[in-house]
Amino acid sequence: MNDHRLVAGMVGGGPGAMIGAAHRHAMWLDNQYVLAAGIFGRDRAPSAEFAQSLGVERVYDDYREMAEREAARDDGVDVVAVVTPNDSHYEIAKAFLEKGISVVCEKPLTNDSNTAAELVAIAESNSVILAVPHIYSAYAMIRHAARMVRNGDLGRIRFVAAEHASGWASAQVDQWRMDPAKGGVATAVADVGTHAFHLLRYITGLEATRMSAELSTLVPGRPVFDNATMRLTLSNNAPATVWATMAATGHEHGLRIRVFGDDASLEWHHEDPQHLIVRDPGGGSTILAQGMSTLSDDAARLTRVGLGHPEGFLEAFANFYSDLADILRGSPGREPSIPTGIDGLIGVRFVEATIASHADDAAWVTFP
Amino acid sequence: MNDHRLVAGMVGGGPGAMIGAAHRHAMWLDNQYVLAAGIFGRDRAPSAEFAQSLGVERVYDDYREMAEREAARDDGVDVVAVVTPNDSHYEIAKAFLEKGISVVCEKPLTNDSNTAAELVAIAESNSVILAVPHIYSAYAMIRHAARMVRNGDLGRIRFVAAEHASGWASAQVDQWRMDPAKGGVATAVADVGTHAFHLLRYITGLEATRMSAELSTLVPGRPVFDNATMRLTLSNNAPATVWATMAATGHEHGLRIRVFGDDASLEWHHEDPQHLIVRDPGGGSTILAQGMSTLSDDAARLTRVGLGHPEGFLEAFANFYSDLADILRGSPGREPSIPTGIDGLIGVRFVEATIASHADDAAWVTFP
Amino acid sequence: MNDHRLVAGMVGGGPGAMIGAAHRHAMWLDNQYVLAAGIFGRDRAPSAEFAQSLGVERVYDDYREMAEREAARDDGVDVVAVVTPNDSHYEIAKAFLEKGISVVCEKPLTNDSNTAAELVAIAESNSVILAVPHIYSAYAMIRHAARMVRNGDLGRIRFVAAEHASGWASAQVDQWRMDPAKGGVATAVADVGTHAFHLLRYITGLEATRMSAELSTLVPGRPVFDNATMRLTLSNNAPATVWATMAATGHEHGLRIRVFGDDASLEWHHEDPQHLIVRDPGGGSTILAQGMSTLSDDAARLTRVGLGHPEGFLEAFANFYSDLADILRGSPGREPSIPTGIDGLIGVRFVEATIASHADDAAWVTFP
Amino acid sequence: MNDHRLVAGMVGGGPGAMIGAAHRHAMWLDNQYVLAAGIFGRDRAPSAEFAQSLGVERVYDDYREMAEREAARDDGVDVVAVVTPNDSHYEIAKAFLEKGISVVCEKPLTNDSNTAAELVAIAESNSVILAVPHIYSAYAMIRHAARMVRNGDLGRIRFVAAEHASGWASAQVDQWRMDPAKGGVATAVADVGTHAFHLLRYITGLEATRMSAELSTLVPGRPVFDNATMRLTLSNNAPATVWATMAATGHEHGLRIRVFGDDASLEWHHEDPQHLIVRDPGGGSTILAQGMSTLSDDAARLTRVGLGHPEGFLEAFANFYSDLADILRGSPGREPSIPTGIDGLIGVRFVEATIASHADDAAWVTFP
């Protein structure tokens, strides 16, 4: 068969790793990728067994070897998903980028901005794509929200309240994200805060110019900060707040954003992603639903089934991979949009800024 | 590559056909099927072009030829999805079943119960699967709801109110479902009512023993009944109501079920499929969320990502295909469950019963 | 003090009687009534003690004596609220109406339409008001809903689904409403179904021309019908359904109405009474909130505080009493609107029609 | 008539003043107060006319005269509601307190903490009540929330997010609250932030030990701060955030609080005040409804009608006045609870702290 699909690889994401599974479903959903190569754990045998269960043909022991050999093949991978713990992102992503292979690297891109900036530079100099899956910006209704803001439907943005207040680690959990050596000390910011911040940037088109952060540990004895409250000043001088935690007892995902303009406001919750609430100054609320014919072209393009057929997290993730496929193929005529290494770098700077501010008792720090 | 995937075919579902696209995404999402053969329209050229865009290798002009040739191949299709208008289901499904090829046939299975029963018999005598994608019963939370009822958590079922009140045809639409020759005269029942009825049967484990139906046409001039209100007596003598329409102005999908037991009640909406509301007699409500660790094994098995990561229509559809894959492979050790030809036949009888009751001014008719 | 308030009396509503308390709060809220006379139970001493605790000056043993003596006083009651069990409504209301005293009589007005019609006639011939507190039609947002329909905002009404599915008697309760001699056999219809039906009539301005009803008993051993499903044909030939029960396990009040027009639909729930959902054919929903400046004059007039300050059941009840006060005073220049004896009579006929239909296996009966 | 009601007076709250009307309805709802004296505006004639329309017997020109003459009467006022602009609270409240008359004074108690403390001292030395109507803490479900926290149902409190983000002044409004001389410069904090802060204190039983505030002006040209974001450290060292604004475009009242404990969390919205959401660490949510028999005695006591009958803002306000009546009468045997002058003083200090922090670029300030 003359397979029309792009060829993908994966490093990390062995059995039980949720985020690796999400990448794979997202690649598969639209049948645009074949997952052909990978490393699914440190030990060869279980990695190979897992690969076979997934139909992955080529299994490697070492990511440098994988990069080298895949780069050498005619049918080698077009792109590799790096879904390992944060502290290994830099070395792995670098290995592939240097061999001219595009990379989807989980957030935070790296654990410090120097290495993140280096990855961006390497991708650029090798003319390959470095993408960071802040996939919440790929929801159809978020795309529509961003277009409403660009169209001026909200007027001047006056305030933004974003939060990613998850409950997934409300109690003690034994996981690499709770190890400061692997996930960094500001894990609430790195793990979820960067998503909320990217969503704010994506919808509003604004950047942060300064910020103040208070980091705290809500679960006693936890060696990382699992809670963070941030104040931002945005590039149009509007104030904003971001709250990030994994210890919001009883919350599901808890990603929510509210954008207030002079003429209208927007609200979106990840728990109900196919709807977008628009409020007018008179107090009326309009609920827009995915699949309505009046939404933007971009929202329509990213809707697979239609009104009344909820699309969820994996569809948003697949939107990311679908736009990436367009970009990798150089397809014209659409409006693909994915978070890149630059966005990933800004996310890392965001993490660093929270740590710097916190170290100074939540003083304002200029956002680089 | 030694592809581990099942081989699937499709008849119908050309460009723009929503339901065909849904089947394909559902096959792909878990990478358990390769769509290898199909007929995507009456005209060869566009069908072949579309097949190529999908990566489908073998295109046919005629379903009988397709059945014959695929049956003859070693790598021929394991299963075919029939997603054509209702009036052609019988002939197409029969052609494949007779060649020993399993069939997923869209609902209503056929336009009369004799032919539906014949398909069931053919599938049985050829030892192949005939499945009908009432996919709403494949949502994780619906699986959990059914298990709660089986566990006795609700006590005796005393009343059920099901509705599939969609707004998709609130205004005039030009489509085969509005042509009585193709979709039948009771299109509200055939198109959506059968889904609500199957959901009721799946969750409660009860059958209908008699029913009364009033059919009506809400959109003036429409040559079919686009609205139906049904009263049922269930096999435990509890009363139930089903409302089916495609003309509920402004509704999205409008599929909703409420099951009342002596000890608790359940409510589920398709607009928020990852939650299930459980109400206790004291007036308190508990909202269960997909991914909670306390849900049934079956709900857990059908959850790909986890708490806080909404799964939607395509995931439910993929649950159907995933269970079908288990059945086709004869995999042991799980609890696959798919609506079969028998369920499809009961759905056709449901449509017929509504027509018979309506013809007698909504008199009670015994449900066969 | 020259008290500007109307003088009210009450029969029934002793300690612990919820509905009597509701009437009193509703009279007091806007300071338009002084409750000056009453009978709060069969036994003199506790009735008098309760009256004193309420600040009620004149206590009687017998409603006929009360009617006579109040009618004879210069400062006698302007209106009496009758809040006794259903089977006593007729005699009590008649006693006051005949003495020229206006009456607010709880629903159902009486237990048969002959006596209900007689009360209407007596009120008319004595030129006094007979009002029936279907107070849900007094919510500001219901007033607005009715005006939207009158304005043609919904276009032709094509379907209505009303339900009053309360959970208050999901389990055995020992109360007069469960005694067929006092509350009638169709208690679900009399107790709550009449509210849903009145709401339907008030919002749409349509009457029922025929109906079919299935009555059932959801709580085993209960000597009355605690569940009823009704089909109606409305005066514009649109179909409608009404579901009434007190045995909807886990429900709070469960009063909900959805009105579908060709151009838009409306939805309102009693659990969130200060909002009204308007849906457009494209799938968008607009939520109107009490206090918005764009609502109808009538909704604005019935809003005490303003946007963001929820008003509930007692405020709706007080709206009823406020409009009644305007009518009793003959105040010009507003748009008072209260359910009258005619509405009460139609409600009694509704109850009777359900019993007649049910007796004939849910056959259609012409609505008188 | 031997009126059993307490005698109340009012200063302020003329025609069109929303908060004055709210106080009056709240006094009347339970028939525990007669409003007998007042000043309803600066000009005698319209004030007297308005008084007459309300049935208020005694109208005064000057609050000092009113205090003196009412104190001298046997049937003089037991309590006076002061509902004038903030800058006049001190002088007016003082006049009544000094004459031994209890005062309900709108928040903020005064515009500076010295005068607020003075009022507290005067009330104490005259053995009268000084109450501040932070009436949100009088909602039945908030009472229940506080009792859940006291019972330890949430475990240790780890984080609180409170917000009062109203949209009432999203656009330019011409009102005394926008005049820094009358309402203070931090109007967002004084007007609504103090409510959110009191709710936090009431539910959690915790005090703030330090705070950081950023004040901003969202509506261009407005001479006051209409937006404030606060960080608090609570007395158990848990962090908390408070967001206060009147410029949240499109919001109704926007009062919402979320309290996170180690074992459960609570959420309450003013838009749906009769429900309280309780979340468990496993991700399940339970919605408690006013009127459920399992709620605390205090919640039950403050419920007038029962499950399924929403009570709103005026009922909460009446709960405040009902508890005040118990206190004024010295009634034993219940659990009245009203915000006092101390709470009002803490509110004023809260306003001052936000101004101090803001003046130092949102630095932490110790909370006195």
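First chain written, first letter: the chains are A, B, C and D, and each begins at residue 1.
The rule is simple: contacts are C-beta pairs under 8 Å (C-beta built on N, C-alpha and C of every residue); 3 or more make two chains touch, one makes a residue touch a chain.
Since the structure is predicted, the reported quantities are computational estimates derived from the model, not experimental observations.
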Pair exhibiting more inter-chain C-beta contacts, B-D or A-B: A-B
Centroid comparison with chain B (C-alpha atoms), farthest chain: D
Length of the line joining the C-alpha centres of chain B and chain D, rounded to whole Å: 54
Centre distance in Å when chain A and chain B are each reduced to the mean of their C-alpha atoms: 34
Sites on chain B at which at least two other chains make contact: 167, 251-252, 282-285, 289, 291, 307-308
Sites on chain C touched by chain D in the complex: 1, 3-5, 18, 21-22, 24-25, 28-31, 35-36, 52-55, 57, 166-168, 251-254, 270-274, 289, 291, 304-315
Chain A residues within the chain C interface of the complex: 282-289, 291-294, 307-308
Contact footprint of chain C on chain B as seen in their complex: 158-159, 161, 165, 167, 170-171, 212, 214, 216, 218-219, 227, 229, 231, 238-239, 241, 243, 245, 247-252, 260-265, 278-285, 361-364
